[in-house]
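In what follows, chain A forms one complex with chain B and a second complex with chain C.
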Partner chain A sequence: MEAGPFVRRTTRENEDTTIDAILSQLPGQLLDGFIRGLVYVAIALGLTIVFGMLRLVNFAHGAFYAIGAYVGLVVAEKLGLAAGLIAAPIAVAFFAVVFDRILLRRFYSKEPTSQILVTFGVAIVVQETLRLIFGGTTRSFPIPAALAGSFNLGFTQYPTYRLLFAIGIVLLIVAVYLFIERTDYGLIVRAGIRDRTMVQLLGGNVKLASTIIFALGASLAGLVGAAASPIYSVDPNTGFSFLIPSFVVVVIGGLGSFWGAVLGGLLVGELQSVATLALPAASDVIIYIAMAIVLLVKPSGLLGESEMIRG
Partner chain B sequence: MFNQAKPSRGQFVVGGAAGAAVAAFSSVNVIAAPMKKVVIGLDVPQTGPYSDQGQDQLRAYKLAIEEINAKGGVMGMQIEASVGDDQTKAPVAVENARRMIERDGAVMITGGSSSATAVAVSGLCQEKKTIFMATLTHSNATTDESCHYHTFRRYNNAYMSAHAMAKTLLTKYGTGKWFHITADYTWGHSVYESLTEVLEPKGAKTIKNVLLPLGTTDFSSALSQAQAAKPDVLVITEFGKDMVNAVNQAAQFGLTKSTKILVPLADEYMAKGAGDNFDNVVTTAPFYWQYHAAKYPAAKKFVDAFMKRYGAPPSNGAECAYTNIYQWKEGVERSGSLDPKKFIEKMEGHKFTATKEPEYWRASDHQGINSCLVLEGVPVKDRANPYAFAKVLEVHDGESVSIPAASSKCKIESA
Partner chain C sequence: MSTIATANETMLRVDAIDTYYGDSHILKGLSLEIRRGETVALLGRNGVGKTTTLKSIVGWVPPKRGTITFDGVDVTGNEMMANARAGISLVPEERRIFTNLSVYENIKLAQVTAQRPGWTLQDVYDHFPRLKEREKNKGDEISGGEKQMLAIARALVQDTKLLLLDEPTEGLAPLIVREVEAIVREIKAKGMTILLVEQNFYSALAVADRCYVIDQGAIQFEGTPTDLKGNTEVLSRYLHV
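This part shows the complex of A and B:
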């Protein structure tokens, strides 16, 4: 090896990469993976519900997240974070209803390719509109001082805001579950997932239920966008950077499956987090490897229904 | 005036308006003598993790081009720009550059922001025998092992930053346990190597280096490892939006209070995004608008013009972009032609003073040898404006901190 200031070293003799060192960090890492996974769950949930009910592949889902993040940011700067968290899902739901009524409705019965093209197009329009209004600069909203610290869990210190965020998402998941399982609309939604035509024949208002479901899915993304903006910064491309992992989550969990999205999200979060500990360079690619394996072994996803039943 | 290499997305409107302006001007030119033109390619990220930096460089490029064109252009030729968004991705940057050269006839490409894109575009420009004035690229590789005859890089590199900071790091940060979070590509590797080469012989102990992909938004798993490891120093070798996320999230984990944070390279936009979390953080930069404008009239003229035009001061990458356009113009005029070989002959070893301390282009590797500032972040309440983010700790002469020519790995081509 050559001497001098530039000896390229491939091993770091000082680094503590023993199994013991890795194991001692594992509890903290698993918690982190769990919370990271909950973020994916929250975003993927809207995506999978909309697919399950409307058979719509919605590439504009990331745009809902971005709109929510910006609305949350603007309102939070003026009136505080709580106001931002209320305004964002309402604004996004409103946008989603208009978008659904004017454009998307015409594509419900079209083949997935058209749906992907139109929703992808809308996503780009939204991204560039946000850029026109807010500029391309990265923005972030500071965490309120009361929530800015970290919380001692015994085995690790974890940011207070992230813990509250995680609790909020768990409550959100429960609320959505109860809505689908315990309300009349939920009944129509579940029936609609099974057989849309039959529900219509039986007099169920599938049209209204569709709009409500679409707005619900969108507002979930919008709410998460607003709640996450103090953690992650926001820029016009934010939507796309969350869209891809949430599709991975939905594919792993099973398209249209509620618990599939939950399982897929947590799995992806844990995989990424543990990979960062053991093999950081692979933390990005590992979720795609996981997706490929799931697609090979069980093409309908871990908890997805097979094509036969769905058809 | 500004052609779009990719006439889509947000720039379409700008391109359209500029196109109309060109049309209006050319109708005047039919009566007068037709104006000769020279095309250059501006290949910068307008989207992706380094878009803040790319957009600011674009502002500086436009300012320089407008100034030059207003004063008669380059040897009587009006500069026309072909603009491309490299999306902070090397393959896109290369495709943009190829289109600028082959379709638009660009005689010079300039851009950067990510060293991965700069190194890739540099390779293409060597193949195409086209001048590449690299702008924001800080990896040693650009002018070291990946150097090329047609490429000039004026921006500081990782080696310079590490050596400039060495003394401050040892006095302010000490030689305890160092934990690194590093962007996993040529720039991050380069900074990590340069820093550890400087620090470890003095007794600093590197306990871990977590490499994360460019564009990572959630740093929590790396940060919770850092928290468990209880280091004395946390080095965040991340840039652009990634750095803003990493530093702000480090604060959420309480690491900005329990640990000293080091960000080896930063700019105005990153410090603005990190806000108070950048307080007391040591970093480096080749240019700092507040410091240089107070010291050098040429810098003041540039900073004032930039602020007047855009309402914010130039970031250090923007300064490099601005000076690169002027360096290219003056090089072309000294050589009296657009021939790259004649241009390069006139550039190698050329000494000049632009907006900062005197500098020169080193012939052996085409690295700009110029000053490197060591800065320390100040709290938001002490900033005259959001971009006045630091105080200057030290100013290092470029010569004293550059890779010695003797130990350079650059084997530059002869043509």
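This part shows the complex of A and C:
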């Protein structure tokens, strides 16, 4: 007679403890999700702008992140983190322009399947080359002493480097926004995203603008890869592990949409982070479920536009 | 070999061009020429190659055979950007306003991509007060007539020497058609060289100095509007007038 209520009470206590534990970890986890989300935003912005401007589905975009991370790591170990953060985007932009000139340019006007195959191929070549040079082990760059430690946010203690990283990425995203929305060059990019032919009919150099955008998107991924290496350890598979969620971000936010990438990135970061805490078993699939729901409800993505002139 | 411009000098010479869309042979040995300061109408029914002629001239659909000479320079096979920078400006049939940009940004873009400046923003707003009123509106928030004015304004803020207008009155209400016609007359009066493609026969002849009639990808008639109006055979055979 006693067994029933007793068991029930224990279960409720356990549930309470679990919920308490989850709640106490929630602020930190939400911040982690925010930061992971910012990384996705930075990668997805490159993907989405390059797609908009070049009509190129670039599966090698994650490789830019990985190359940036490794270049950052190598240079930072010798010359310090600041040097690593400068070297990574430059090296990645250089790689991207060479890759574009030698190979990618031939696939601009090809169907997406060919683009996916060739960029996927390049991504694998990069991954295996990194494995050949650096081995398969996970590497991480130690946080510089000056940036180590944690910061009291009032509701939680949080690592100082992660906070600085978040501020840095937010500033980068704002810089990309200002470049696109406020500069003459950005105007050509926005027009080119809508109608490349008309930009050319007005004398605009779409090819040069495309190369610059491609290099910028790549160097953004490379810089974030280098800056993130003290937070997320790096291995040769890193490129793909960030690429796939970033594609989900672009699909959820809407292809070619700046704010779509921002919204989608933060959403995916938080979803993954909260799921890790509350529903660990679902943390891998939850973003795909979210993507499926968005595709069912709004196939062009949350902030995507359905019509686009292709030219 | 003087390059000094004179009033009767040929500005554009299209010489026996053949243009294809994939396997479809659209232009078959088409030739025409436009002299500096002239307004020339290219007339013909739907699908006879009028738009393709304009696309060939700007390098959008380059011809496979034949030559196009602009200001004495062979521009056959040039990219659209190069021809635009040389001063050939196409206002396409669909107007192709950037719908994600504001009216102001559409004009600003044309200024940014211009090799040399033409009209100032103030000139544009003086001539098209409605664009001034609508300057903050996005390209998809304005009427068809306003889109046409904006498309023409984009060409005029550049140093356009030859203006190619593809069906500027198409799809517009009669009142707006008259407004666009007035604009074309005004640009012409300022000395612009114009190649005007029209299905609206009367609208085109009212402004043209000379006209060509095109059918089956080749020129079938060339003459003044008066000549054409008097030629009932050409009118009924090629224009169904």
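As a working rule, the second predicted complex is superposed on the first by the 277 of 311 C-alpha atoms of A that agree within 3 Å, B and C clash if a C-alpha of one lies under 4 Å from a C-alpha of the other, contacts with A are read in each partner's own complex, and residues count from 1 in each chain.
Everything that follows uses one rule, which is that a contact is a pair of C-beta atoms (placed from the backbone, for glycine too) under 8 Å apart; a residue touches a chain by one contact, two chains touch by 3 or more.
Just so we're clear, the structure is a prediction, and the values are computed from it rather than from any experiment.
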Touching partner for A:Val297 - first (chain B), second (chain C), both, neither: neither
Contacts of A:Ile102 with chain B and chain C, given as first, second, both or neither: neither
Partner chain(s) touched by A:Asp184 [first = chain B, second = chain C, both, neither]: second
A:Ile19 touches, of chain B and chain C: first, second, both or neither? neither
Greater residue coverage of chain A in the superposed arrangement, chain B or chain C: B
Which superposed partner A:Asp284 touches (first chain B, second chain C, both, neither): first
Footprint overlap on chain A, where chain B in one structure and chain C in the other make contact: none
Contact set on chain B toward chain A in their complex: 9-10, 46-48, 51-52, 55, 140, 144, 159, 184, 193, 197, 200, 205-213, 215-218, 220-222, 224-225, 227-229, 240-241, 244-245, 248-249, 251-254, 269, 273, 275, 403-404, 407, 409
Residue ranges of chain C in contact with chain A within the complex: 58, 60, 79-81, 84-85, 89-90, 92, 96, 98-101, 105, 108-110, 112-115, 154, 158
List of chain A residues in touch with chain B within their complex: 4-9, 12, 14-17, 24-25, 28-29, 31-33, 35-36, 39, 124, 128, 131-132, 136-140, 142-143, 148-150, 156-159, 161-162, 231-233, 235-237, 241, 272-273, 276-277, 280-281, 283-284
Residues of chain A that touch chain C when the two form their complex: 184, 187-188, 190-191, 193-195, 197-206, 305, 309
